[in-house]
Every structure is written in C-alpha cells, then in structure tokens.
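Handing you this structure, nothing more for now.
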Amino acid sequence: MKSRYYINKVGMAILTIALCSILTFVLFRLMPGDIFTAKARDMAVERGIPLEEARKLVVSRYNYDPKEPIPSQMKRYYGALLRGDMGNSMSNYTVKVTSIIGYYMPWTLFLVSIALILSYLLGTWLGSIMAWKRKSVVSALIAAYTTIVNAIPPALVPTLVLAIFAFGLRWFPIQGAYSSNLTPGFNFAFIKDMFWHAVLPVFAYTCTQINTWVMNMKGSCVSVMAEDYVSAAYSRGISSKRIREKYVKKNASLPLYTSLAISFGSMLGGATYMEGPFAYPGIGSQLGAALGNRDFTVCQGILLITTTATVAASLVVDLLLPKLDPRVKAED
Amino acid sequence: MIILIAFLLIATIGTKVVPLDLGTDFEHRYQMPSPAHPLGTDYVGNDLLQQIVHGTKSVLYIGLLASLFTVALGFFLGALAGFAGGITDRIISLVAQVLISVPIFPIQLIIAVVFPIKSTVMLAVVLAVLSWAQLARNVRSTILSLKQREFVLIDRIMGMPQWYIILKEILPNVTSYLASTFVLNTNAAIASSVALMMLGMAPYDVTHWSIILSNATAQAASGMNTAGIFNMLVPTFAFVLLQMSLIFFANGLDEALNPRLRSAASAKKSKRRGRPDVSQRTVNK
Amino acid sequence: MSVKEPSTSNMKSDIFGDIILKIEDLCVDFLLPDGDLHAVCHLDFELPAHKITGLVGESGSGKTTLTSAILRTVSAPGEITQGKILFGNQDIRKLSEETLRRFRWNEISMVFQAAQNSLNPSMTIQEQFVETIMAHHRNRSNKEMMEISRKLLKQVKLEPERILRSYPHELSGGMKQRVMIAFAQLLDPPVLLLDEPTTALDVITQDYIFTLLVQMHENMHNTMLLSTHDIAIVARVCDYMAVMYGGRIVEMGDIFTMFENPLHPYTQMLIKAAPSLVGELKERVAIPGSAPDLMKPHKGCIFADRCPYCEDRCLTEEPGLEVAGEEHLAACHRISGKEGQP
C-alpha cells in the first residue's frame, strides 16, 4: 500500500533522530567534572548569594540539574525542545542556542548544497565519460585524478586548498564568507562577493566527494551499457548521442539517487574540519568552538540539527524515489 | 601492494635505521631536496625524510588498530545478529541503521571531548565504536543468506555444534569481504584520526604526518612563504601514497580471496592479442 | 496497404527468384580469452522477397548471431570478420555509421528474443515510439506519430491509450512482445527479422502472436525471417525453411519440399524428432550426440560426428551448399550425384 511505504520511512526517520539525540544527551551527562557546580560557585561569588540559590539560578537558566536522575533530566530537556527551546549557550548565557543555529546553519547549508550539486553533476558526467570511452587516455586521467584527490585525508583538504590557491596562487580569498567591508543584503555586489568566497570551500568539499560519484557512475553505466535495451536501441537506429543521454545516463543514475543523501550527510559531518581553515561562519566551526568551551547546550543543539538535516535529506530522497524511478513502486 | 609493504618496512625498520634528530636548525630552513636532505627540510630545518619515516609508525599504528577493532566489533555484532535472530537481531539492526544514517564524525568528536583521549589505543577504540555499522550489516545479511543454504542445513541436521558451523562454513565465505573491508577501513580510520588530530582532540606524535602538515601550513600562512609549499606537499604526498596503496592492496586481496572474482581474473590473464573490452556477456546463439 | 518498396533495386537469384537479401561467405567470430568462437562460419544465404522464411536450428547453431549480424548489432566480443551482406546493390557491411543508422529499422527491423529487457525501463512506450520515428523522420508532426503508433498497436490487438502511457515494467511478457512487433513495423520496413519471438511465452499466446504475424504479412507483403528452434511453428507459418547447424546453413528450400523430401540427415532427424499429433510417440527419435565445439577449427562436414550416414569423405571434405532440386539447396556429400549434379 502506498501510504504504508511513506509512513514507514517517516517513522524510521523520526526514530533515528530520537535515538541519536538520546545518545548525545546521555553522552554529555557522562562528562567528568561538574561544570555546573563551578558555575554556581562563580555566580555565588559574583552576586554574593548563597551557593544553594546560585545553583537554583543556574539550573533554571540552563534548564538542567545535574543532580537530577537522568529520566527527569530528559523530560525537562525534551519538554523544552518540543516548545522550540533548545536552551541557552553555556559560554554566553544570553544567547539562545536556536539563534546560534539560525545564524550559522544557513551558511553551512549554502556551501554544502552547492558542493552537493556540483560534485554530483561533475562526478556523474566524468563517470559516464569513463564508462563510455573505456580504454582511452581521458578515462585513465579521470581515474587517476579522482583517486589521488580522494586519497588525501579529508581533514587536510581545506588546508591544502588554501595553501595552493589562496596563499600560493593568490587567486582566492583566504577566509570568511564575505569581505568585511560589505554589508550583507540582497545587493548584487554582496552576492557576488559571497560566491567568490565560497569557491574554495566548495572546491574542497567537492574534492572529498567526487571520487565516489565518478566510480559509482562508471560502474552503473557499465552495467547499463551491457543491457539488452541499449543494443536494441542501436538496432533501431537511435543516435549514439541520444542513447548515451536517455538510455545509459538516465538509467545509470537511478541507483545513485540514494547516494545524494549519503553525500550530503557526509559533508555535513565533515563541516567541522572543513570550515575551520576557511574561517567560514558555519555550523561546523561552531561545533568545534563549542566543544572547546564545553558548551554542551550548543553542542547538543548543533548535533540535533545536523542529524535532523541528514535524516531529512535521506527521507526526502526516499520519498521522491518512486517519482524519479519508474520501477520503484511505493511499496516496501 | 608492494608500496604497502614498503611502508610497513619503513615503519618498522626505518625508525631504527634513520636517527631522529629534532634539534632546531634555523640556518637551513625550507631547503629543496638535496643529497644531504633527500626530502628537504621543514620550517625549523629538520630533515623531512626523518620525520616522515618516523611518522609512518604512528600513522599506520592508529589506522590498523582502529580498523582491527572495527572489523572485530562489526563481525561480532553482525554475526550475533545473524545467528541469534529475534530481539537481539532487531536491536542490533536498529542501532546499526541509526549509525549508518547519521554523520558520525561529529559524534566521534563529541565522544573525544567527553572522554578525553589519552592514548592511541583509546583513539582507535573511539574510531571503531561508531564505524562498525556498515560492516555488521553486511556480515549479518551474508550470514542470513548463508543460513538458508544447503550446506549449513546439512551441518545442522548432522548435529554439529554452533561454533563448528561458524568456522567451517561461514568464515571462508566472509573472509574476503572482511579482509578487504579491513584494509579500506584503515584508510577511513586514518582519515578520521587526521581530522581529530587537526582539531586537537587526540594525542599526537610530533612526527605524525598531519602534524607536519599543519605546522607547515601555520608557518606558511603567517610567513606567506611559497617555499613552504614543498614542506606541505611532502606529507600530503605521503598520505596519498599510503591511501592509494591501501586501496590497491584491498583490490588485490579481494581478487585473490573472492572465489567468484578469481575466475574472472584468470580469464583476463589468459586474454590473447589484447583484444579490447572482453565483456562478460553470454555468446549470442 | 502494401509495404513500401525498398530503396534499392530487387535482386534476383537463380534458385529462389526474387530475393531481398544475399549473404556471401559470412564469418562471425567471438574473440574470447580462451580462443575464437566461430559462431557463423562461411555462411551463404539468400532471403526470398515477400515471403516468410524460417531459420531453424538448435541452441548454439548461430541463428541469433546471424540475425544480429545482418543489422551489424552483434554484441561484443563478437565481430563480423569476413563476408558480404548484400541488400539491393549495397553491402551492409560497408555502410558508413550514419548511413547504417538511417538504414536500421527503416529497411530492416528486428523483433528480439526475450522482449523482457528490450525496452528502456525509464521511458514510456509512447516516448520510445516517438523517439524512433524522430530518429528517422524529423518532420513528422506529433499527431501523425501518435496516429501511426495507435494504428500499429491496434494491429497487434493492444489497447493503444493504455499501452502508450505505460512503462515497460507495467506490461506482461506477452504484451511486451506484441509491443515489440508493433515497434518493428513503425517505419514500414520491407524486411522483418524475428529472433525466437515467442520462446518465453505460453503456447496460447504463441499461437496468437503467429496468427497476428501471418495476418500482417498478408496485409503488407513484407519479407520475414523467422528464426526459431521449433520446427512445428515453421511448418505452420513459413513459405521457406533454412536449417542451420554449427554456424552453417545445411539445407534450405521451399517448405513443402523440405518436409516431404528432406535431404540433409540433420533435417531428417529434426523432423523425426518433432512431436506430432498424428504419429506414434515411439516414432520420435532424439538426435544422438551433442552440439559441436565451435572453438576448434573443423575439418570436414560439421555434422559428421552425429551423422548416421557418415563416410570417410565426410570427415575430410566439407560439403558446400549445392542445388539439389527446384528451390532446394543442401550441403551433404550424399546428394551429389543424386539429382544429377556434379
């Protein structure tokens, strides 16, 4: 039944997010050291109030009481969550976690989305060339290039990219999402500058993903090219070019769609080390900073949003799949 | 494969052969390769070759250890799920499903913060604790399908104990997959460990290649010194070489151990006249 | 409605009158890692125009290779290594890529074995029909193309509206096969090659499809080459029959002559082996031995090791395809001298 498929997928998605969230929740509670007591102490000193009161203040501020048993802690946290409140940042309690996420997440999404589309298009194009001209120099070159690029540990890619293109060749700006002398807005100058600053990070992301796309596409193309309907198309006098587009590429792409979500998730996970070197104001670098500051609420919030984004991406692909691939019926 | 062995050799023997001299020597900064310093020197004038050689040990150690844990954990859980079935299976599968759908690096990072990593072994454990999912899933499905196959049923009927079945029937089929996954996982583990190190979340050896690289970048950035690029390229190249050698090794392993691929490989070897594109299509009648 | 005239002049044969296709000394080899497989070996063949000719042979005889060779669509690692395929005054082997592309489907079309996978799974039937027409005639209007498609689908007794909108996986095997037949007629080709068009189908659907084919032939007077291993079908439907064995044509002739007076031992055994509603079950005789190994170069008659009449000569000299009667050719040493031929 059609709806059963959709419900199944959505249910699974929610479950995944929930489990992940619980995992991180528990993780944080296991932290050694009691930050709260330390904070309470600070506050007590600062305001000249007894420790107990200070503790109560801290608890209400962060909606968290380390002395409470875990189940009730969870109740508190999730209760607030459902109201849309992720708590406040621990390093700077005036700032709400949601606003941090709201500010930084769009930048990350901006980069990752562009990189996703770019690496997909470029990768599948190169992959189909590799399959189409199997024994040529071009094919070997593509393979060599992507393999080598892929072999670089992803954490080093941004550094390298910066070194070569920003420092070495001075082609691109070194850091930031946009030049500091421009005000954000929808004016053309700003948008152009924004994209200019995005080039290197996007390039870095693409480097990490492209090999997967190229190889998967090549493999898929090769198996499609061996199918009966391809040679049948030739015998009908369909042009080579058309066969390549409508028969090979189109059918070879079908099994690759699920990889879109995987690639998205992978890039999102890598944002932590990808954004740093570029000083790009994205969620990844925020996670790194927050962890450094032991700012749990922020970390939890970021993690939650990251997992949700990844799972949501998978869900979107799963839900759209029946429409994209005529053979997949909405049944499980 | 040869390259990998070369690396292994370097790691083990190299440390003893090439002395490690980390004294600063500002006179000879950023030198290009020369007979005295085959790979040039870094920003403090230390010989790069020495550093690379010594770093090999830590790089390989971490990667292999992490991969070992991953494979062990994955195999164990996957086999458990496959054999036990029922609730155990469902729980393990659920957890595996979650781990696969979610980006694990942030979680690894968080674990690294929560439980500060003080030793390499611990680093390996942290890496492995989240990476077993894909492997476990595959092992489980292989076991499930093998469970149905005739030769296992025969063993069951004959009343063979469980462990015997595992050893004789299941293992040979899974070995090639395990071996190649092990090697590829090393790749991934190295990548993750590099990431963790760059973020300062894991202990490191000064000679570890990523440290060489990040120090080099830091210096190059501040000094805007293009000569520093060579300093950076060397460890990068080392990584690339290592990863690629691992990949090739994995491919070779797979071909050697996988009975199905074996026949295709031998068919390729006896190809005459170098005819292009001997596809595996059946002959038209 | 009669079929459009082929764009080339008619050919004439001494034996079969008007022929539309003439194959001379054709060799198709499969270059495998262990050696070369000679799927079609020095084959000569003439296809009579406006008639249905059956090509009979067991699995491995080379029937499919032959039919795909005509359109130059032999799949890798197969290659046509020698010979001529004459259509009118053109050698199909010598056509350029572009000419070949326009030639295919326009002059000669094909219905494949196992239509299960012959259609693009991500395009509707309508899209595929339109695509083929457009690949050959750029200037047809949408309306025209739809009309042609609908008419052809009705001819094979399929409901056009439903079929055109469907994807291949939504159709049953029998429906797909009928779609392929309609598809093959799309550009009114004078020659239609059918490669075991009903092997994968049940007997009732088989019967249905052949009735359709005969009807179409009567309406359009095209030429059909029907390749099959089922001799009963040939008996029912064809005007001529050619028997293929080991990559060679061993006998060919008018259908009645073939059944009443089969000359080649293989043909005789084939007919005897076929079940008949009339004869006794124990009169059926299976053919002893197994198909020849086409990787090894063969000396003498290809059928020698299974032939009950094998003589010394048969082991050393390969018999050529010779005239053995009116509209009758056979490749056997025993017939020389029978009908007064040298």
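Note that the chains take the letters A, B and C in the order they are written out, and that residue 1 is the start of every chain.
Everything that follows uses one rule, which is that contacts are C-beta pairs under 8 Å (C-beta built on N, C-alpha and C of every residue); 3 or more make two chains touch, one makes a residue touch a chain.
The structure displayed is predicted, hence computed values, not measured ones.
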{"item": "Leftover contact groups, counting everything except subunit C", "value": "one piece"}
{"item": "Of A-C and A-B, pair with higher C-beta contact tally", "value": "A-B"}
{"item": "Chain whose average C-alpha position is farthest from subunit A's own", "value": "C"}
{"item": "Inter-chain centre distance, subunit A versus subunit C - centres from mean C-alpha coordinates, in Å", "value": "57"}
{"item": "Distance from subunit B to subunit A - Cα centre to Cα centre, in angstrom", "value": "23"}
{"item": "Two or more partner chains touched - positions in subunit B", "value": "277, 279, 281"}
{"item": "Where subunit C touches two or more other chains, by residue", "value": "68, 75"}
{"item": "Touching residues (chain side subunit A, partner subunit B) in the complex", "value": "12, 15-16, 19-20, 23-24, 27-28, 30-31, 134-135, 147-148, 150-156, 159-160, 162-164, 167-168, 226, 265-266, 268-270, 272-273, 276-277, 287-288, 291, 294, 299, 302-303, 306-307, 310-311, 314"}
{"item": "Residues of subunit A touching subunit C in the complex", "value": "227-229, 231-239, 242, 246-247, 250-251, 254, 325-327"}
{"item": "Subunit C residues within the subunit A interface of the complex", "value": "68, 71, 73, 75, 101-106, 109-110, 112, 114, 116-123, 131-132, 135-136, 167, 169, 183"}
{"item": "Of all residues in subunit B, those that touch subunit A in their complex", "value": "94-95, 97-98, 101-107, 109-111, 113-115, 190-191, 194-195, 197-199, 201, 210, 213-214, 217, 220-221, 224, 226, 228-229, 232, 236, 239-244, 247, 276-277, 279-281"}
